[in-house]
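Each chain carries a letter (A, B and C) given by its place in the written order, and its residues are counted from 1.
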Amino acid sequence: MTAQRFFPIAVITLLLLALANLMFGAVSLSVEEVWKGLYASSENHFTIYEYRLPRIFLAILVGAGLALSGALVQGVIRNPLASPDVLGVGHGAGLAAVCYMTFFSEASTRWLPEVALAGGILAALVLWYLCGARSSAIKLAITGVALAALWASCIDFLMLTKPLEINNALLWLTGSLWGRGWAQLQALLPWFVLIPLALGLSKYLNLLDLGDDSAISLGARPQHLRLLALAIAVALTAACVSICGPIGFLGLVAPHLTRKLVGGRHQPLLPATMLTGACLLLAADLAARTLDPPIELPAGILTAIIGAPYFLWLLLRMK
Amino acid sequence: MLISTFKQLGLLLCSVLLATNVHAVTVEDSKGSFSLDYAPQRIVVLEFSFADALAAVGVAPVGIADDKDKNRVLPEVRDIIGDWQSVGTRSQPSLEVIASLKPDLIIADISRHEAVYDDLKKIAPTLILPSRRETYSDNLKAAAIIGKIVGKEQAMQERLALHRDKMANMAKQLPSQATVQFGVARADALFLHTADSYAGGVIQALGMQTPQSDRDDSAYRQTSLEQLLAINPNYFIVGHYTQPSIVDKWQSEPLWQVLQAVQNKHIYSVNPNVWSRCRGIMAAEHMAKDLLTIFNKP
Amino acid sequence: MTRPFYGLTIVLAAILLLLLGWWNLFAWSVIPIQAQDVWLSLTHFDSQSISHRIVQDLRLPRLLTAMFVGACLATAGTIMQGLTRNPLAAPSVLGINAGAALGMALVSTLPILYGALSTSLAAMIGGGVAWLLVMLLGNSWRIGGNEHGRLVLAGVAISALCAALTKAVVIMEEDQAAGVLTWLTGSLADARWQTWQHYWPFALAGLFGALLLTPSLNLLQLGEEHARNLGANLLRSKLFGSFLVLLLVGTTISAVGSIGFIGLIVPHMARLLVGQDFRIFLPVAMLLGATLVTLADTLSRAISYPMETPAGAILALIGAPFFIYLVRKRTL
């Protein structure tokens, strides 16, 4: 598929998924009822306007943000198995959130996103401190993996020694869009000024693919470029994770899938990845709400269930 | 059929409430002061203890967060309130189902539902009270608040007085010196409910002892056979979530026989759902009756 | 490395293991046990004494299992590092632990599979599939750093996938989240004679098999070309080695749950002590692994006394910083 054909198809899919998200759920509504629900006079006003609509926007933003940071990380580390997870940001945010929930169990959950955001960024700073600006990309990734393992073991340790808080913490750690609304959307939106910046990097990311020496001779500064791209990826991931909890695999699978469809050049790849990520998370959240209503399954688990067959398919195709 | 039941219930409630003639009431909940200037007709509750409190004064909620399993609601409560609609899990209730029920009062738990308190308020006035971490006496206080807000203060006070009488009567028939330990058993773990837990509070309210622990910062604690031996209660009451549970596995071990409760054949099994998930006036009475049957066994 | 010094290391490690094991039998017990009780329970067992019975019925099987768990995981890590010639290879890093946990979760929660496979077989199959996927994925993309890093990244991806699926399976089955974590973190608290009886024959067979494999592992370190020129049957040793890893890790996980990082840390410690020869450092690694798990098990009773913290959580807390250290030390 070429980029020219990908974009219209992806946009239409996105719109259809958004419409499906508005119509289906524990309570199914017709298109007409959905339309009326946008107005305050409707009896479905809460369900449509206060509940499903902000959740759709959040799914689009979080899906796009995580997928974009995945593409950036894969572009910098030049390994298609890398993802924002290897920077330890998600686990760092998780550790901060779990610490907050266990040590300040009486405190309001209102500050949880801020705490998680701080944790995610702190984790990235620790990684940067350990690696410095000069280490190779793959070393950065493996150090990130090791750091993520450390944060994860701290999370397990805390949850096992403070069992009372385990339910809330684990619920947060599986990642979900449940109960997120306009307020969370407002908190997330400012971070997306980074997107034009990331898209502007795509030309230079292509140069990185040629190897450092060629990139330098073509006028790029690989070290600065890597740092900037990773910083954007960290900020976007931390912001998304702080709102929804870690949503696994999106950052790994979405860029991968998109690369298969539109090729490896970053100019079409980065925006296309954002569309794919948004579609994937919208689909996962739709499934989460409609599979077993009124029970809400965590969207993070559903993205993993979608990711698993894709991985197997990938392996089969390699033969 | 469901709707007609609701209508009938609503009419019934209307007539009852008109008779009692309720006006604006104000109570203190976990977020400060909460007032309501009408008697709520369509109530959604997000924890079992709230359903128990409503049932204690004969009010039927239209929706309960029952984890999509009606059997989790205490049978005594089910008998009083009739049918209801499930609004999903207690940890993540479905807000769209709650909204579709068009409630005029939502009762939520501060520990589980604080994150969606603002959303719930957009659907209907929301009374937020402690439930998940509550003790026995907290629960009775919450019941009194709920009684007041649904315009049944008088009835609730009478019901609470009756409850205290019942518990005191049953306490007389129970041995006061015995130490009783309750725990829920899963396939690979036993969780004891300590003196700080709800079940521990009920046992104490019945005049019996709960084993003292030297570390009392947790109401529920995962316990190995060795730690159970150290606690060594006179009576051990188990709720098995799965069969065979870890306690069944332990029974084949020689050390199990060393337990005082085993030697005196004082191991009893109860319904884990009632003892662990349900809390409230009727739940406590149910638990007390379980204990009476246990202790008056020949 | 001279032979006498090697012998001395072995003896010292064994003495350390015995001392720690002895300490493990009575330390941090909720029901007080004196050191002499341990001795008496072994020589003059009195079935009326609670402390004697605790030593006999709980502590001894737990200690023996802990020692074997340590030895098995250290051996599995050593073999994996030998086979892949990758200093970062270990069961937990390359996805075997996560895959085995997923296999166990699937057979014990899905009604279709229930009873079709034994849990240890399911753990072996799950671990094997995960490892295979990691090797395939890690070797299929030639770009992006050297082989060491690629394998680790593939391991992380597969581990995360398995862990998420395990969580999904268990959450759908159990309403209480606490169950998921006890599932995923290995603990020795429930190791009894019964566990031990099912465990030791396989573990012992795996450990002996590993000792037989050491000459081939030494040859492999010379590089595949050299090894082949020297007449080694590479395919056979690789298959045998992989089978041993799966046997050791699968039976261990089905006995006590998933315990990570032992397989990563211990081979490096052993290599530091006695050098590169697999024939020499594998036995040292076994002893050190046993010592480390015994120590972790003792600590698991101490850290939040009188409650128990699973030994797997403690080892992860020790192991993760070491992982970071290893990564930083190596030029990748």
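In this text, a contact is a pair of C-beta atoms (placed from the backbone, for glycine too) under 8 Å apart; a residue touches a chain by one contact, two chains touch by 3 or more.
To keep track of the chains, here are their UniProt names: A, C = Iron complex transport system permease protein; B = Iron complex transport system substrate-binding protein.
Just so you know, these numbers come straight off a predicted model, no measurement behind them.
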{"item": "Pair of chains with maximal C-beta contact number", "value": "A-C"}
{"item": "Label of the chain whose CA centroid is most distant from the centroid of chain C", "value": "B"}
{"item": "Cα-centroid distance, chain A relative to chain B, in whole angstrom", "value": "39"}
{"item": "Gap in Å, rounded to a whole number, between the CA centres of chain C and chain B", "value": "43"}
{"item": "Averaged-CA centre spacing for the pair chain C and chain A, given as whole angstrom", "value": "33"}
{"item": "Chain B, residues touching no fewer than two other chains", "value": "67, 89, 191, 221-222"}
{"item": "For chain C, residues contacting two or more additional chains", "value": "176, 178, 307"}
{"item": "Residues of chain A touching at least two other chains", "value": "163, 167, 171"}
{"item": "Residue ranges of chain C touching chain A (in the complex, touch as defined)", "value": "88, 133, 136-138, 140-141, 143-146, 148-150, 152-154, 156-158, 160-161, 164-165, 167-168, 171, 176-178, 180-181, 184-185, 303-304, 307, 309-310, 313-314, 316-317, 319-321, 323-324, 326-328, 331-332"}
{"item": "In the complex, chain C residues that touch chain B", "value": "29-31, 50, 53-54, 57-58, 108, 174-176, 178-179, 182-183, 189-190, 192, 306-308"}
{"item": "Footprint of chain C on chain B - complex, ascending", "value": "67, 89, 186-189, 191, 213-215, 221-222, 224-227, 229-230, 246, 253-255, 258"}
{"item": "For the chain A and chain C complex, residues of the former touching the latter", "value": "77-83, 85-86, 130, 136-139, 141-143, 145-150, 152-154, 156-157, 159-161, 163, 166-167, 170-171, 174, 248-249, 252, 298, 300-301, 304-305, 307-308, 311, 315, 318"}
{"item": "Interfacial residue positions of chain B with respect to chain A in the complex", "value": "67-68, 86-89, 91-97, 99-100, 102, 111-112, 114-116, 118-119, 122-123, 133, 191, 218-222"}
